[in-house]
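Each chain gets a letter, A, B, C and D, in the order it is written, and its residues are counted from 1.
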């Protein structure tokens, strides 16, 4: 499976109310973006020193924060983070938000994305005396901000200058003693939205977090934009790092798989984009069948789109065990052998004697697809037609998605027919590459790097993901 | 929400292979039947003393068993249990399986159900010198078996005699040093199935556990039957406690809500019974609408049946946060106020401007329905029609289901019209009482007690659930 | 090292004040009697049902009770226990107090000692239908009390009848809904004292616990006596199980090693008895030396007595690491190889060039003595004279002390000269057997079983300690 | 009570053997120097990147390292730390060793002491772009080393340059990928010794740690010296930061209280210095008495010296509960009210009717002395004479000792007679100031700052301890 690396959240209640519980609920709704570690850092803007209280740990939000942990974090400004590690190993030291003191007081940073020039940045910083206590990119960003701050009028000016040195993907939420800042790389790889609830301003990776906490959606932070909320409740916007829209490179996998379908990112409904992907799958390669179903959960909406376009009834074909998700996706977990059967089961009564269309968001190594198709055949399916709501992906992502090594990808040096044969489907088709723009109504410019090997921004010369742990 | 109280699992590998990992996977697949505590007890049939190793704890299966906990339970015979507490408070002492030594060696018991004569049994036992270290019914059953064993030829004979003294619901799996026994009350309130995998025999609450571990379904333990697996791998059946089929009282809520839809219980597919419930909901009270959807997860299959019958397209209208289930259903949890919004969100693009039919399995207090309907209206639904795949329930269950006090039930002293008004639906209808038999094709005799107040077996004179903690 | 198995504590505040914190402090002061597990059970005498709240766990008192754990145990009557396992394995199930419900309500038991007829009792109980959920003697005692209670007027009468069936050592504290009972076996093997603080009556294994909580010493429970504190604050005494004083068999090792030196047990100061033992060691076998020291902590007082009698200056020769005690005495602990050096170090400046007399309470396997003597020689001691404040012990204890198997005892089939040679001392002498009575001023009748093999009460025919775990 | 802040340990096995277990045992023997947090960091010198594995946590060494935690730290070079917080709050982030990456690879630092110019250092570093993730001095030291490293030939050269900027007390052990460095501030405030065991070189705060692991004492690191162990097993010494001996300022409280009596620091036996202190206490102010005893543990050796000089018999007067130490000294602990009685008890038989001399190392607030004297009187002492083996202290320590605010010190604005009256002693005398040099035989130059207010090095203008948490 592919993995997103992070979700970020920030809130500033100008009127002084405590925010930690809201961050907690916001992180719960972003949990799908990272299940390895999480953290909350808060401060009180009336404290002249801006002392930061934080709690971070390994595990899900409701595992790390138990009992009265959240109550012990008073403060009216704060940031939160959920993490899946692509760069930086999976240790407590690397949990975010990063909390630090620098020349102007305290900072807390939450970062979603992956820098492509971290080795150079790290080397440059080290050569001027920096020390690194983590292996996460956020520490590099913090250093750049701290250094730029010396000659800057404000923290947001320092963020702007630091951004000029950052390459790659980053959606940031930064808390300074009396300001909350949201910023996004000029390509807009990762999402970041602005919300408002009463006297509080909110930044979050996805709009679903706004819905959960009852905040109103204001707008997206634009690619390259720096949005600062100050203590008067003013929103100050800095567009100096922005690029023209046609150079943007929004990650299309946010729509295909990562984001929650109830989110709207950069003006595009995730639900709608999946419905469209399903429709195109049928329209571009129609087939006759008795039932269409999604591989839960991520294939469901595209399957519904397929059903709408084809008239083939939508069916619920699988039961998913909702209690065990994380156990099996945790890095370093052994005994994966039974994991598909433990997580999914096919319902004989739903498929027996039927021609089944199964929609999934992607095929990575192909092992899950293989098991799912066998499971359907064992449950009596007469035919199994696999439909994938994205093109075959073949290239690494340097911008915040965890893709296995190329050689492990089923699409590597295989034709679609060879893949079909390997997974045992009767037919197999993928979403066409030219349809990717259509599923977001061609309203935003997307990154197709993982399908084409062509990226909006130059990738690093060698694959540097995870280098600092080697 | 209603709660089942337990899931049971047992396995005996005649060839001597270790079984704890299989029990672990079996319990994972029965986790929906109980999330408060769980446990595994194993033994080695080649050990003359039948020493039992066990591990029990509060929490989900993958919370209690971490690291190499399962590896530390060697043995070729074992039982497992997942628990939600209705009788017996939610403490570690009450976790099952109950492990004990008696006149003939060791026993381990796992029990699903609720006895109706536990106060009398307890009193009788106490008056002859019994001491009680837990508040669970299983301890009473163990005592009766232990006492009957003295004058019996075999443990299964003792179980048979003990059963004559038990009233109420019980599906039992019992491990003695060299036998594994499955037994079920004469009314068959709770399910219990038999499976086989290679040299191992299995008992489980539902067939989904057999699928997960790759075992073949053999048959159901019959109501009143005692099935003994001995060390030769023979299956010995004792029907002396059985009742004629027309006196059976299978819990209909297993089909409507508790069991996993991929399970087949007493010959009836849970999936099919829900599809039928959805069809009858449409047929008995048709309405025009643009989309039909289930309240996840339990309403989905019935919604699909409604869609099939009506031709109204099935839609995915809600997103469920799959990471937080247990946090909010745990007894004693505070801060429930936001729980519906944290768990569910409606997708505007799926409902805006539409007439929506929503199918749920039941309405308990009505607060969730109320929130769901508001959520749909806020997301732009033009009409919201609520359909419930069971009749209104109004009566306590004494046979293993946790129903709130009558006064808390929305259907208590309210007409359907009053309920509709209270939850804010445009229309509301329930499954008709006379349809209950139809959804299981009238092949089995069911208990309708929670809808009618008439039970297959006399209920206790007063509500005794939870008495021993008072 | 030898190990005591338990410490018990009970308190009943007639005026209704909470007692859990007092039990906590009492257990802290009895911690030396058991470090494996501990527990507190409390109840409220104004609660008609006598509901018992308890918390038990593996570890030291301040490890098991952290945060507000003690605050969560409201109640004006309670018992506590610290445990080292001799009979019954070291698992959470076996932690005490044992809490149970029986025909007359609730009971909580804390037991110090070891029954010698537990197999027979267990068998008899099993043959009349008892089930056992632990492997501790306390469960047998509870059963006997529960059965006798049926035909008895009061719980104390039932305790008295049960005692007639118990053989071996037991000091008991029992909490019933409105009475607190202290009882002791007729031989008085293990201590039990009565204290009073304001409106509260207290039972404790040693007077040091009374000092810690600021209670006044009232008297010892007599061997065979049952002392009942009722809700009027009356103390009712039952002597019907008492034996003449010359049949008593107080454990002499309580004075030599187990008890804290600030305790007074059955009228004898532990401190004084150790001072005397040290004096006799010198008087019965005088030697010239430059310094005398104890092996910390248990040898210190006897060494002081030796110094007083001999005029040889008392010295502090060892430093003990006070942070690691339990880590190395915990059953099942590996890596014992360095344990003596980690726990003790000799001070060169205190011993270099000197003739050193070292006093210890006993030699068990001899490995520690060997290491200590080497350590002293490496630190420059010219001569090392070992003095042991008890006779060589050679026989098992069936009355509550954990003595290794005979073959592991250094005194087994060795003369004193052979022992001296093995441990490498220049001279070695033990307290003479005939001095044992003298160290308690011949005021109480003592058990010399571990030195002579002759016991006050018949031992079991075979060594049954720990049998139920086999 | 006064508190030391830290103990450090480092080891490098040139032959490649694993060192984590040795560090574990070394830290156990330094546990008295810090009980709040601890950590171990190791590396493998054959790994070209010098990857560091570490484990740190809150609590005692045997609480943080349990199960196979130590086994999971393979490597032949490593550092360890035990910590009591004076500067830097008591949080997991502040646990040491500090592990970091810098321009030349990895570093791990363990630090004992307190810098006096940390605010200036911090400010200077911040003004050149440093970020701080902890509030401990070690992070400042690491930054200085990292910055100096850029223009230095070697890490030890960088350490030497960094030391020129550090004011205050520091004993450091630093691990670089292939070197282990021990360094000490030019005044020698805190101890640091060198040991050797087979192919391994060791640094430790005290010689007792060498004894525990079976290493041979080589010599002390000299004040101002930098000792580097390289991969050839050579010891390279850099004296360029050393000061003449008469400017040294060894902390006299190491001898009086902090260090273990079996340690020898800078050539002076801690045991001997305490014996001498006891002797002077008698000689300078003789009194007649029946028994002399120490307040355990720290007063024992001085009491022994007093006994030797006076001929008054040494007695064991108190029993100390050895299981509860840390519970009551932990910062933030409530319910201190009973703590003296829970920790100590007086033995009536040892004091009744006697004139008692009690020796303690110091009086801080006086509350403990008050309780102890009452306890002795309640136990029947006829007279109680208090003797303190150090002069009254009145001034803050800026060099690594945690002294309460002046106003809380009993000696603040009180004459000795007033103190005597307040604590209720019959007589009271302190060690004379002029005796301090004598107790270390005037062989080393000591710091008397806490008694005189005159320090070897200028203290900071204002008390900056703990500032960064404010």
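Everything that follows uses one rule, which is that contacts are C-beta pairs under 8 Å (C-beta built on N, C-alpha and C of every residue); 3 or more make two chains touch, one makes a residue touch a chain.
Note that this is a predicted model, so its numbers are computed, not measured.
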Fraction-based call for chain B against chain A, same above half, different below: same
Inter-chain centre distance, chain B versus chain C - centres from mean C-alpha coordinates, in Å: 48
Rounded Å distance, chain C centre to chain D centre (Cα mean): 36
Cα-centroid distance, chain B relative to chain D, in whole angstrom: 61
In chain B, residues with contacts to at least two other chains: none
Category of the chain touch graph - line, ring, star, complete, other: ring
Contacting chain pairs - touch in the sense defined above: A-B, A-D, B-C, C-D
Residue ranges of chain A in contact with chain B within the complex: 21, 25, 28-29, 31-32, 35, 60-62, 208, 211-212, 214, 260-262, 269, 271-272, 275, 297, 300-301, 304, 307-308, 313-316, 319, 321-327, 335, 338, 341-342, 345-350
Touch list for chain A against partner chain D, complex: 49, 51, 98-103, 107, 126-133, 135, 139, 142-143, 146-147, 149-150, 468-470
